[in-house]
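Take this structure first; my questions come after.
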Amino acid sequence: MERAVLLKSPYLTYEGKILSAKMIGKEEKYFKIVLKGGRLLDFEPGQFLMVAIPGVGEAPVSISSSPSQVGYFELVVRKVGTLTSAMHKLEEGDQVGIRGPMGVGFPIQILEGSDLLFVAGGLGIIPLRSLINYAIDNRRDFGKVSILLGCKTPENLLFNDELDTWGKRLDVNFSCIVDRAAPDWKGNVGLITSLIPGVNLDSERTFAIVVGPPIMYKFVIAELLKKKIPESQIYVSLERHMKCGIGYCGHCQMGGIYCCKNGPVFQYSKIKNNIEAF
Amino acid sequence: MRKKRIAFFDFTSCEGCQLQVANLGEVLLDVLDIVDVVMFREVMSEKTEDYDIAVVEGSITTPHDVERIKEIRKKAKVLIAFGSCAAIGGINGMKNNFDLDEIKKYVYGKNAGYFETIKTSALDQVVKVDYYVYGCPIYPPDFLKVLKHAIQDIPYTTKDVAVCAECKLNENECMYDKGIACLGPVTKGGCNSWCINSGNICYGCRGMVKEPVKNGCMEVLNKYNIPVEWITSKFNMYNKTLESEDKK
Amino acid sequence: MEQYVVLNKNDFDDFIDILAKLQKLVAPVKRGEKNYAFDEVTSSSEIALKYIPTILPPKKYFLPQNETLVEYNKKQNKREGTLYSEPLTIFGVHTCDLAGIQCLNIVFSDRPMDANYNLRKKKILVIGLECNEYCDEYASCALMHNQYPNGGYDLFFTELENKFIIHVNTLSGEELIKKMGMIKPASEEDMKGLEQLRIKKRKIFKPEIDISYSNLHPLFEKSFNNDVWNDIGNRCLSCTNCTNVCPTCYCYDMGYDTDLDMNSGSLIRKWDSCQSRPFATVAGGESFRPERAARQRHRYMRKFNYAFDKYNRYFCTGCGRCSRTCMAKINLKETINTLIKTVKAEK
C-alpha cells in the first residue's frame, strides 16, 4: 500500500482552542472557543459543527452563539456519550478538532421583517439561542419577537442570566414553563403547548421556529396550526445520528433526505409528508 | 500524570482470558508503557492493595466470592468484567441448570458438606461494572480498545450488532448454507468472527444481542431443518446465567 | 471507433500470467461449497470463470471495509488526510457489479468531494465479464437492465466458443492490450459471434418480475404503508448481511482510534448497516428507526425510491445477493411481487 497525504479532505478538522469552559447546568458544560490561526467560523444560526477529540471520537454539536457575536463561538454539551463525556473533561486552554459549519441553518433572509415566535423545549434552547441572540442583536430588522421556553424543572434551565435579560427587555416577549417544580417556583407549570394559545400574534406575518425533543414537535405544531400560522412559516430543527456531517454516511437519513446536509433546519411544509421526519 | 495501576483478579474461571493478555507478545510491552501492572498472578508474584483499575476474570459462585468482589469494587476506581465468565456468567452458568445440592454431591461426593455454593452470577449481578470485555476467551484487540477507553475514563459500549456482520465481511461461507446451526445471528459481535474464520461455529460466548428476534430465529431453524434443541443446548452453554436473571 | 479484439482460450493462461505480473490482480475464486469471492490471484487456474455473484461485491476494493481517512499525532500537533491505495486490476466483473460500481461513483462524485474514494478509484483497472446465462434464481438483472454491459469497465470479456471477444473501452484498456502480444483484432466473424450470443441472450434474459422498469419507482412511492414491511420485519434477524453484500450500499461509520502510545492514531471509516438498531440511535439513546420493519423498508426505499428521485437511477443492480445471503429468506423478487399484488389491490 502506498501512503499519500491529501491536500484536502472533508474529514480533516481545524484546531479549536478553548478560551473558557464552565458547567452551566447539572449535566451541561459551556465552551467558548476560537479557531487557531485567526480563522473565523463563518456560520448561520442553526448550523452545527462536528467536534472531534482525536483518540476519542467525533460528534455533532449545535452552535449556540449568534454569528453577530464575532471573535469566538459558543458550544454547550450535555454529557450523554463517549465524546461528550470526554468534552466534559476539557478546560480552558485545551484543544478540540472542529469540522464545519455543517448543514442548513435558519433562513434569516426569509425571516427579515417578520414577527418571530420561538418555541424551545429542553436542550432545544441551545441551538435556538443562536437565532434568538441574532434577532436581538439585529432587533430592528424583525417585527415582534416572542420566546416560549419549556423544560423539565427550574433546575434544568440554562443561560439563566440571559433568560433574565430577555424577560426584562420591552422589545421581547418571554415566557417560560416547567413540567414540575418545587412549591417556591413562581413561574408557570405545565407543558409548553399550553403557552401557545395565549400568545397574541398576527398569523400572516409570524414565523414560528421550533426546536426541542422529538416528541414535542407533533403537539407544538398542532397548536401553531390552530393559531393559523401557515405550514410554510414554521421552521424546525431536527436531531439525528450524524457521523460524516456531509451527506454520505447515511446515519441521519430521514426518508430520502439527509438531516446533516439538507437540514438540520427544515421548513415544516416541505417535510411534513416525510414519513420518517416526526 | 501517574500511570494507571492495573490489577488482575480471578474468580471461577479457567484464567484463559488472562493468558490471552500474557500472550499479547510485543503489544504487551506497549501496554506496559501506558499502565503499571501491579498484580497479575499469571506472570508475577507481587501483590498489592493499591490499584486504579481492577480487571476481573471469572464468575461469582460462592458466598466468599460475593464478599471478595465487593472488597475489590471498594478499592478499584474502575472495574472491568473480563471475559465471558465475568461479563455474562459464561460456562459456569451451566450449573444453574441443576439443583445446587445435587450438583455439590456430584462434584464433591461425601465431602459435599464442606463446601458452600450459590447460583452462578455475572459480576454485574453483584457489583457495579464499568467496562465489559466479552468472549471466551477475550479477543485481544477488543480488550485493548476497552483498556484505552478505561485509561481515558470515557465510556465504551460494545456495538449491539450480530457476529454475522463481521462474518460476512470476512467472506466466510455461512454455516446455515452448510446446514450447520450457528449462534452468529443472535450473538453480540466485536470478535471479528474469529471462530468462524477458523472453520468453527459461533457458540454465543459474547452474549446475546439486545433484541434477538425469537420468531425470526424459529423460522430460520425450520427452514434449514435444524431442531430447536440444537440451538438451545448450544445457547445454554454460555448464556444460562443471564437467562435466570430475566426470570427473577 | 469502437474497438474489439480477441483472445484465444489457449492463450488465457498467458494473458493472466502477464496481467498478474503488471500489478496486483484480483478475480473471482471459489470459496467453500457454493460460494465465490474476489481474491488475489497469480494464475488462471485459481480463477472461477463461471461463478455466481461473490459473497461481497467488488465494492470492497473501491470502499475498503476499514479505511484510514486521517492520521494524527498530538505531540507533533499534526493531522493529515491520508490515502492508502495500490494499483489494482479486477478481472471478471459481471455486468450487475459494473452497475454497482457506477452507482458508488455517482454517490461519491457529490460535494464536498470524498478524495479517498475518488483517488483510489483512479488506480483500479476494471475488466468485465459477460454472463451468457443466468447465475441462479435470485438474479433480477434483466428487470434492472443490467444483463448487458452498460460501460463502467476498461475492458469487457465475452466468452465465445473457443475465444474471448474483448471490448476495449478506455485508453487504459487499450494500453493494456498493447502489452499482450497474443491478442488479435476481431474479425467480422467474431463480431457476428458476439451478435448471435446477444440475440440468444435476449431469449434467456427476460424481466424476472412482471413489471416494467419505469413502473418500479411509482410502485415504491405508493408502498410506504404496505403490510409487506411488517411481514419482512417479523422475519428479519437484523444480521445486516443484506446491506453488507449489496453492491450499492455504502453507508459507513467513522471513529477515532488511538494507538497504544495514546499519542498518535487515526480516523477510520468502516462499513455500517442501516439494518442494525444502533445505526439511527443518537447519543442520548433515542432510536429513530427502532422497528425492523422500518429498517427493511428503508433499505428497499433507498434502492428503488430515494435513489431514483436523486440520481434518476435505481440502486438495485439485480445481482440477487441480498436474497441469496438472507438466512430468513427475505427475497427481493418476492417482496416486489407482493407489492405489485397489494398496491394494485389498494387502488
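For clarity, chains are labelled A, B and C in written order, and residue numbers in each chain start from 1.
Just so it is clear, a residue touches a chain if its C-beta (ideal position, glycine included) is under 8 Å from a C-beta of that chain, and two chains touch if they have at least 3 such contacts.
What you see is a predicted model; the values in this text were computed from it and never measured.
K.L.:
Could you work out which chain's C-alpha centre is the most distant one from the centre of chain B?
P.N.:
A
K.L.:
Can you tell me which chain pair comes out on top for contact count?
P.N.:
A-C
K.L.:
Provide the C-alpha centroid distance between chain B and chain C, rounded to the nearest whole angstrom.
P.N.:
Using C-alpha averages as centres, the distance is 37 Å.
K.L.:
If you average the Cα atoms of chain A and of chain C to get two centres, how far apart are those centres in Å?
P.N.:
Going by mean C-alpha positions, chain A sits 39 Å from chain C.
K.L.:
Pull out every residue in chain C that's touching 2 or more other chains.
P.N.:
257-258, 262
K.L.:
Give me the residue numbers in chain A that touch at least two other chains, ranges are fine.
P.N.:
Expected reply: 55-56, 81-82.
K.L.:
Two or more other chains in contact with one residue: find those residues in chain B.
P.N.:
148, 152
K.L.:
Show which residues of chain C lie in contact with chain B when the two form their complex.
P.N.:
Counting only chain C, the residues touching chain B are 31-35, 37, 54-56, 65, 234-241, 244-245, 257-258, 260-262, 271, 273, 276-278, 292, 325, 327-329.
K.L.:
Spell out the part of chain A that touches chain B in their complex, as residue ranges.
P.N.:
Counting only chain A, the residues touching chain B are 55-56, 81-82, 85-86, 89.
K.L.:
Report the residues of chain B in contact with chain C in the complex, numbered from low to high.
P.N.:
The touching residues are 27, 30-31, 33-34, 144-145, 148, 151-152, 159-162, 164-165, 168-169, 171-174, 176-178, 184-186, 209-213, 215-217, 219-220, 223-224.
K.L.:
Report the residues of chain A in contact with chain C in the complex, numbered from low to high.
P.N.:
Interface residues on chain A, with respect to chain C: 1-13, 15, 52-59, 78, 80-84, 97, 213-214, 239-241, 243-244, 246-256, 275-276.
K.L.:
Within their complex, state which residues of chain C touch chain A.
P.N.:
Going through chain C, the ones touching chain A are 69-70, 72, 74, 77, 79-86, 107-108, 110, 112-116, 119, 224, 250-258, 262, 265, 267, 272, 274, 279-286, 288-289, 294, 298, 301-302, 305-306, 309-310.
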